[in-house]
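One chain, chain A, links the two complexes that follow: it is found with chain B in the first and with chain C in the second.
Entry: the complex of A and B
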């Protein structure tokens, strides 16, 4: 358990679990409902920052940070606060953006939401300590288990795993519920769904809120594990990468979301991280990796737009007696 | 009062920059009917191509700007024909093409990063003393930006009203199918519009970089939603609307710094964008019909 390789793999497992939360959330808002949430990573950041300021004590001169709140709440309250805050923020943005707007207008508003949030978090240092971001956020349950920095990962894996399993079940149930069916109907044609009596605005808002809550939980888990969060961690690129994971894995399918997290977060990002750096060009490798991810999106969208694991197609058939009645009624009216 | 007039001058310059860039975006939207989320990176590409010609090869800035912009136009043409048009011909939901342009933005931004690196760049232009025109104080470069913008707007107006291409573009913007059955070569017009959109993005990116003095590879993306705000304010797909939108947004952004800290000035564009979307999502110019 103490070898560097075991530590590396355990660390990787945590990142994978957190990424699963991200792709599963985007699967609800984008995959199932078709909301082009180009601000997605913002909600991860909101979850992370809120969890951070809830877990940290009040900002003092010693900590050399300025931030709001500082409540010193024990685990799991920061995690819950992060998820709830991101969900509420998502609902607020959705309320502004979803009224009467076609999907590209909505996407524009969401990109703008990311831009303004990022600008605000970077420049307004009183909020979340500006570009330096939050540091030294206490790791949950670290003292309870006497964990040192090297062994803490084994305390955190169960925390992340419980979270992911719980919310996997939620996502799985949503996918197979009447709610999920209504979301897919809205994605195919909002007007038809509305004509069948679905409250499209409300359902889309709920989907947006759910998706953002997942993102917020992913962010909260990130800051509780790493202990830090700053604006460089949620550049707009990160949203594209989460999208690529879901698109490759299979949008509309929660298993596709998990597979996408594995393929993109672990195989591509971790895999290219193992390549040697090009001397004198520190940014070259990351740039090439991102180009590859962009190319991957375009290739997948052209040749296999449903992703590796496509959405489950459900067939709807009437029960025999009901079918008989429908046929008779059709004959009578004809 | 002096600060106010200074801001009015900056507002005119910013409006000029936004006008060039937003006309390019809105023309392309009018004809193709989808938003190009990689447009911000077209601006960045324009800024960098101009920088290479200007600083590395020692060309005059304005000459470098024009050559660099044609470079962006050619790049836009190639990208649209190789990547985007196949998706359009294949059909499918709007969602897919939007995600594709979003992915394209990732590719372009990182290609620029890989080629030009992450450090700040600056054009090789002589420092000048501002000239006072009435109550306004402007440098020769800023006057050049305003003049270029006016020239571009007049040229676009002439293209739209006096040429067959412009008529074809307006027809396609009104009704694509009707335009096709009337014998307008839709594919050629689409290709030319992408070229034009790229050239305008390149010009916009170059003058934007000149206006902010130092820039890095994030310059286009941060400016993208200011352009979106202008485009939507004027009514998306309407070039004259975009010109009006650009004037309003440009002035609002610069004048706001009289009252609020200037690092938030671009956020004013966002506030205006949200207000327009909530009250008048079809834009200000929708009554006047499509251009």
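Entry: the complex of A and C
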């Protein structure tokens, strides 16, 4: 079991699970509700940083880092704090941006939100240690299982899997609920939804908050697993890649979100990473990765614009007794 | 016999788009339980007035009273929850919802249509869903759309979308329904069916305000006809009175307008 290949695959599984969390969250805010959340990766970062600074002890001269809080909270509190902080930050951004803006302007405001947040985190060193970012964040339950850096991945897989399964159930319930139906109506035509009494602002805010919470949990899982986070991990292109994954997999369908995570995070990103390095061109593989994602989007949009696993039509069946009652009532009214 | 009380009362309502005064001091009253028509030439301000009444545009002057409440500055969702609903000039179905879901989502007063409800109150949601599905299926049967209930609404024909709009509005149990050109692009057979549905619904207590250009339909269907021109009310009365009114003839009907067959 303890071979390099097993370690590699286990590591890959963790990244896949974390990416599932990201795509499932974006599926709620963008896939179901139509909010063009171009700041999405910011909420992942908020979750990561908050989880990091509550899991770390107070910043000292020895740690050579400066950051806020430093609460030394035990697991799972950092994970919860990361998700909650990102959700609340998402609600705040949504409250300010969605109240008066149409979706295209909202998208621009959200890009600006990412830019402000990224520059703030990079340059305000006292917040999350600037461009160096947070390091040496304690890994949850590592000491309980006497895990070393090579075996820790096997401790973390169940943690990530439990989170993903739990939040898959949440996403699935939302998708199948009257709440999810109202979100899809708002995505289709917010004015008509309002004309039918839907509190569109409130519902969109709830969706945005929920999506951001998923992103925050993904960020918290990331920092708790690798123990570090810095601004290079949440460049704006990362938001584009999560969007790509959802569009390829199928928006509005939680299974599509998971498939998108598999196709883009594992097949494309990991696949291009396996290509041999070209001497004297160290950045070529990164560029190839982005080209491959772009080509995949073009192919999917051309041949299957709804994604590989499109939104499913839900059928509502009536029990025979009720169906009979409907038939009789329809006959009477005719 | 006393005149029926007005369910909708519009007083001196104004709205301008830049330098264009679309609605310019319009006042009208819609009697409760009536089918009232709002007619007038293109650009008279009819659709703008509907948008103002339903809160989809902000009033720049005047007031709107509905069922005894001043709704002048209410948001559209609040207006809808008070029982005043509308349809649109061009059918605006929820495209990526099925025909049945279009009706389900329209039902007002749904408990648990929130994140909390989705996650924690599944039993009450399921019970409510069963009742709503039953009601929606009945309405779809009445409007001859039940066979299409699991289709995406975007796949319906133009006429079917008109029926869906009306069925969806009825699902919301409105007290008053404003139909914006419901007969536009509708074939004669379907037009007759729509008229029958509207009469049936009026018998059930729904008040209608219908913006319509088809004067034959207006004459057959409506008790009161309000004529709008240049952003204000020109006249209100029976269609036969309007045909004899030179101002209405000049502004809208034209000199060749005879009685509807």
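Just so it is clear, the second predicted complex is superposed on the first by the 311 of 334 C-alpha atoms of A that agree within 3 Å, B and C clash if a C-alpha of one lies under 4 Å from a C-alpha of the other, contacts with A are read in each partner's own complex, and residues count from 1 in each chain.
By our rule, a residue touches a chain if its C-beta (ideal position, glycine included) is under 8 Å from a C-beta of that chain, and two chains touch if they have at least 3 such contacts.
The shown structure was predicted, so the numbers you read here are calculated from the model rather than taken from an experiment.
In the superposition on chain A, A:96 contacts chain B only, with no contact to chain C.
Shared-chain residue A:290: touches chain B; no touch with chain C. When both complexes are overlaid on chain A, the residue A:244 reaches chain B alone and has no touch with chain C.
Judged by the touch definition given at the top, the superposed model places A:115 against chain B, while chain C stays out of reach.
Shared-chain residue A:322: touches chain C; no touch with chain B.
Comparing which residues of chain A touch chain B with which touch chain C, the overlap is empty. Of all the residues in chain A, the ones that touch chain B in their complex are 34, 36, 38, 96-97, 99-105, 107-109, 111-112, 115-116, 119-120, 123, 236-237, 240, 243-244, 247, 281, 283-284, 286-288, 290-291, 293-295, 297-298, 301-302, 305. Contact residues on chain A toward chain C in their complex (touch as defined above): 170, 173-174, 177-182, 184-185, 187-189, 191-200, 202-203, 206-207, 209-210, 252, 311, 313-316, 318, 322-323, 325-327, 329-330, 333-334. Listed in rising order, the residues of chain B touching chain A in the complex are 34-35, 37, 83, 86-87, 90, 92-96, 98-100, 102-107, 109-111, 113-114, 117-118, 221-222, 224-225, 228-229, 232, 236, 261, 263-264, 266-267, 270, 273-274, 277-278, 281.
Chain C makes touch with chain A in their complex at residues 54, 56, 75-78, 80-81, 85-86, 88, 92, 94-98, 100-101, 104-106, 108, 110, 112-115, 117-119, 122, 125, 128-130, 133-134, 137-138, 141-142, 146, 150-152, 168, 172.
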